[in-house]
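Remarks on the structure that follows.
In this document, chain identifiers A, B and C correspond to the written order of the chains, with residue numbering beginning at 1 in each.
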Amino acid sequence: MLTLEHVAQSYGAKPVLKDVSFQLKAGQIGCLLGPSGCGKTTALRLIAGFERLAGGAIYLGGQVIARPGHCMPAEQRRVGLVFQDYALFPHLSVAANVSFGLSHLPTADRNNRIHEMLDLVGLAREAESYPHQLSGGQQQRVALARALAPRPRLLLLDEPFSNLDVELREKLSLEVRDILKHEAITALLVTHDQNEAFAMADVVGVMNEGAIQQWAAPYTLYHEPANRFVADFIGQGVFLPGTVLNDKQVEIELGVLDGHIPSDCADSGGCGACAKSCKVDVLVRPDDIIHDDDSAMQAEVERKAFRGAEFLYTLRLPSGNRLLTLVPSHHNHAIGEKIGIRLDIDHVVAFRQ
Amino acid sequence: MRLIHTTLAVLTLGLTATITFAAEVVVYSARNEQLIKPLFDAYTKETGVEVKFVTDKEGPLMARLKAEGPNTPADLFMTVDAGNLWQAAEEGLLQPVDSKPLKANIPAHLRDPGSEWFGLSIRARTMVYNPNKVKPGELTTYEDLANPKWKGRLCLRTSKKVYNQSLVAMMIHEHGEQKTEERVRGWVANLATDPLPDDTKAMEAVAAGLCDVTLVNTYYFGRLMEKKPNLPLAIFWPNQNLKNINAGVHVNVSGAGVTKHAKHKQEAVRLLEWLSSEKAQNLYADVNLEYPVNAKIKADPTVAAWGPFKQNLINVAEAGKLQTRAVMLMDRAGYK
Amino acid sequence: MPEHDVTPSAIPTRAPSSGARVFSLPASAWPAALPIALITAVPIMVLLAHLLHPDQEIWQHLWQYVLPELLINTLWLVLGVGVGVTLLGVSLAWLTAACDYPGRRFFAWALLLPLALPAYVTAFVWLGLLDFTGPVAGWLRETWGMTWLPPIRSRGGVILVMVLALYPYVYLTARAAFQGMGPRLTEAAQSLGLPRWRAFFRVALPMARPGIMAGLMLALMESLADFGTVSVFNYNTFTTAIYKSWFSLFSLPAAAQLASILIFFVFVFAVLESVARSRRSYAASTRSAQTPRRIALKGASAWLALLWSAVVFILAFAIPIGQIGHWALNVYGQDLDSRYLEFAWHSLLLSGLGALLVVGLALILGYAQRLQPTPTMRLTARLATLGYALPGTVLAVGIFIPIAWLDNRLIELFGLDGQILGGTLIVMLLAYCARFLAVGFGSIEAGLGRITRSVDEAAQSLGVIGGRRLTRIHLPMLRVSLLTALAMSFVDIMKELPITLMTRPFGWDTLAVRVFEMTSEGEWERAALPASVIVIVGLLPTYWLIKHTEHAHT
């Protein structure tokens, strides 16, 4: 549905996007995830048609919508947009905002669509209110309804939940995903919040410094990060120093990790380049460490954060290296206490030091 | 801080400006600065008395005199048009002045019978016509311009300016309201175009052939001919040699009166006398191509070249008395 | 429970804690707003006092013979000028604020220049050029034998000239509105399938309504109060009746009564308009990082934009200033003397101080209304800005009477001599405020309306309130509106006549007073000299204004 090929953009001499390529299938919800300044918003604005690109091409439904020297005007692209600040028209009522993109429809059809959309987002009773009379969450839903009303080929969402509080953010992101899936909308979301990305998206592109670092399903990103940046940016975890023993084993201070060492154990090359006794950093996620009172392996509780169902413990190993672990909350240990742990790593992720 | 200091200094400037000196006269003038300043300068030079003046329109100046009441700084109120002078006297803003030189210098019909104001220059309102289009002998009187033979040949200035108001007022004095209204309706019926904004525009319309004759103050004619001597325009003196011995060209005055609460009454009277004197009269009238009121003085050569005429001898105060009636009459007659 | 330690999430905008502060505000807003409103209210009350003494005969006469025609004329004038200035002002503001085309940088400020020309001077020039006796008609007659030209001395002619003279008010305020809007809403409209020109009509234009209305109100009030321009055309309006009653029928009470009726209607209209937009919000959150991208006009549309700007500029400014300059050259040898330096200095000083005071008071008033948007406060603000709708001379008298009264009381009480307040610059400046508060207020009110409440609340939550919030948050955000208000009041005061005439200290003649001295005796050519000096001095602030507001966004 949406394809970006080697898209590049720069402001003056400063490159903002370098060679961005990805594809989104019809009905898929994609997400560009990255820290602020990574270029994700620029990519969004290029797709929306508010900026002209410097290189590459963008296709929508098999049609070129942007390449150097050609830029289909934003209003002809049928790309809906939900803005970070919603950009509701403050001088128009909710219903008028939603009907804004429907002026080509006969009155009856237009009214039907408005009601359909407001029902969909649960705001049927606010049709005659003005935006400033609504709560943040309601405004967000109006923005969504407004963008969906003209049945766009693609919906773009720019940090759509960042203005909302956490509770609402989680609730709404699931709601919005349901709505998008129900309407079979192809959508691309831009955010810096991985929870939002994981809750909404089928496929996520992690961006940094104007380039896509990895384009994959959330599960893959978490468990098989393609590089150190992705590993670091996605989820929690620590790197422990390790040594490659052979192409099946890595040794860290907690023991020898067996099993599958992914082919890209290093940033460059591949495992083939990871010669024996090569020094690597091994990613250890909190869920890779299991609390086991019977284990001989002991670590000292240095900090703990209560999260309701579980504790997030920061543990100190005898070597001084730290580990994170998630432990069910009935295991309440005091700071300074030593507890037993054991490793349970499915995917060994290691990068050359 | 420096800004505050300068601001304060500037603001208090206004205050110091109101401190008064002994040998001075303060004039509120509706006659323009460029017409009076040369005279006042000459007066100061001759007598050492400083003349302070402020110009404005006559209406606001009178409102100002009234509001200031006994504390007004003004000693002399100077304005154009007898109507305004009459109104100032009517509202009790002026005081009578008993002065032999003023009576001697100024003919009786050009000053207030109650001696509260005095005309200082004459403004004659006469006819200007296009000699290519008007046959000699066709023009006779103001009243005759209502005759249907002038249909589509007359241009008039708007009725909002006092000049035609006082002309109509004098006609009311002579013929009564009913006859005058008929005449004015006749004028309106003869108009070639909507009333024009000023005398100059009216004469230009005559010169351009839009109409044949109009009514103007002579100094506008003088000024226009100075700039464009080739315009096909000529002066005609109407209402001459009529049975009525008072009849003649309609004249109005510019003049002045001493204010009721003048602080420097002596100086004000002296200035007034000086203005009517032979020394000042030429300067006063010539600077604006008007006629002097002092009969001993000859008019400016440009003005004199238009030839002699007989003025209407009715006291100009009558124009002031009847001005309101005249304005209402013109409204009724549809003269805009 | 969610993790409340993570972020201090967006607090609902009406936090209960702010209630106490809101409650304490009325005490602080009124003492500031009331004295400002009184500056205008006192003169108006002086005029209203005349309603107690109706002059039967004059009223009957006016009602029967004068008013019916004048009311119709006035209605047409207001309609025509309203439509005209909106068309010219808004289209040019949009072109120069949001588009790019050849000459845009020049026109952005050049289109403001007609503001520096007194409208009646423009009117006189056009009348001279286009009337039957003028050079255009003469040339047509002699060269082509054409004897008919659309009459300039007509309803259409007055409206056309007034529109050319007054459109800059709308141009300025609409431009500030377009610039303050940011690109986001237009983008939203585009993403919903609207081309930019339609997004203009459906989003930018309605959003700019407060700004446009501010300029439109000024233009309409000025055309209602105008006497000079209409009398050049001998087009009789309601103001004509006011002056006729006063100067020709010698009835100041009747004039004051008519003026009271005039301002009553303006007041009602202003209040209705204020109520109509009070329910909606015009504040758009703009992310400052986003600079609006100009629409680059190409081909025919670029040429059309250039042509349109050029035609308006030429008609409204180039031709009048050409004629005035030509006249000025004819007389400067005779009239230009060292006193002109003094006139120019007086004009500059009075306009500068006056504009600062007007904008300062307007800011306080606008701020009071923002802090306390109660109906009473709205009414008070409307009342304070009515001075602009009054014929200048009438307002001048309304101001002068109470001041002279106060002077007389002071003199009685303290046994002083001469004037105390009358004839001081302080009174003069206050009088300017009574007249021009509307000029500053309109622009500032529209500017404040574009700042979202959340900005206030954000500042409040950071402990920045009151005066500091004003200087740290609002003034920087209001920059364009403030500069606009300053430039407009500056140029307006520079042209102002009746108040200057009536309240100036002895010897404090200005350029405008010179124009008056010459035009009152019909010496238009000689008036051209001071008029062109006004334009030159007025050029400076307009150029400066546009330069600074351009920089804010490019």
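Assume a residue touches a chain if its C-beta (ideal position, glycine included) is under 8 Å from a C-beta of that chain, and two chains touch if they have at least 3 such contacts.
Nothing here was measured: the structure is a model prediction, and the numbers come from that model.
Path length between chain A and chain B in the chain contact graph, taken as the least number of steps between touching chains: 2. In this assembly, A is the chain whose CA centroid lies farthest from the centroid of chain B. Innermost chain of the displayed assembly, by C-alpha centre distance to the whole-protein C-alpha centre, is C.
Here the spacing of chain A and chain B, counted between their Cα centres, is 88 Å. In terms of their C-alpha centroids, the spacing between chain A and chain C amounts to 52 Å. In terms of their C-alpha centroids, the spacing between chain B and chain C amounts to 36 Å. Contacts from chain C toward chain B in the complex involve residues 61, 65-66, 127, 131-133, 137-138, 153, 231-234, 236, 240, 243-244, 246-250, 252, 349, 353, 393, 396-397, 400-401, 404-405, 407-408, 411, 417-419, 422-429, 498, 501-502, 504-509, 513, 516-518, 520-523. For chain A in complex with chain C, the residues that touch the partner chain are 48-50, 73-76, 78-81, 83, 85, 87-92, 100-101, 103-104, 130-132, 135-136, 146-147, 149-150, 156, 163-167, 307-308. Interface of chain C with chain A (complex): residues 1-3, 6-7, 9-10, 12, 183-185, 187-196, 199, 202-203, 206-207, 209, 279-285, 287, 293, 453. The residues of chain B lying in touch with chain C in their complex are 7, 10-11, 13-15, 17-20, 26, 32-35, 52-60, 63-64, 67-71, 73, 87, 90, 158, 160, 162, 165, 193-201, 204-205, 207-208, 210, 220, 223, 288, 323-324, 327-328, 331-332, 336.
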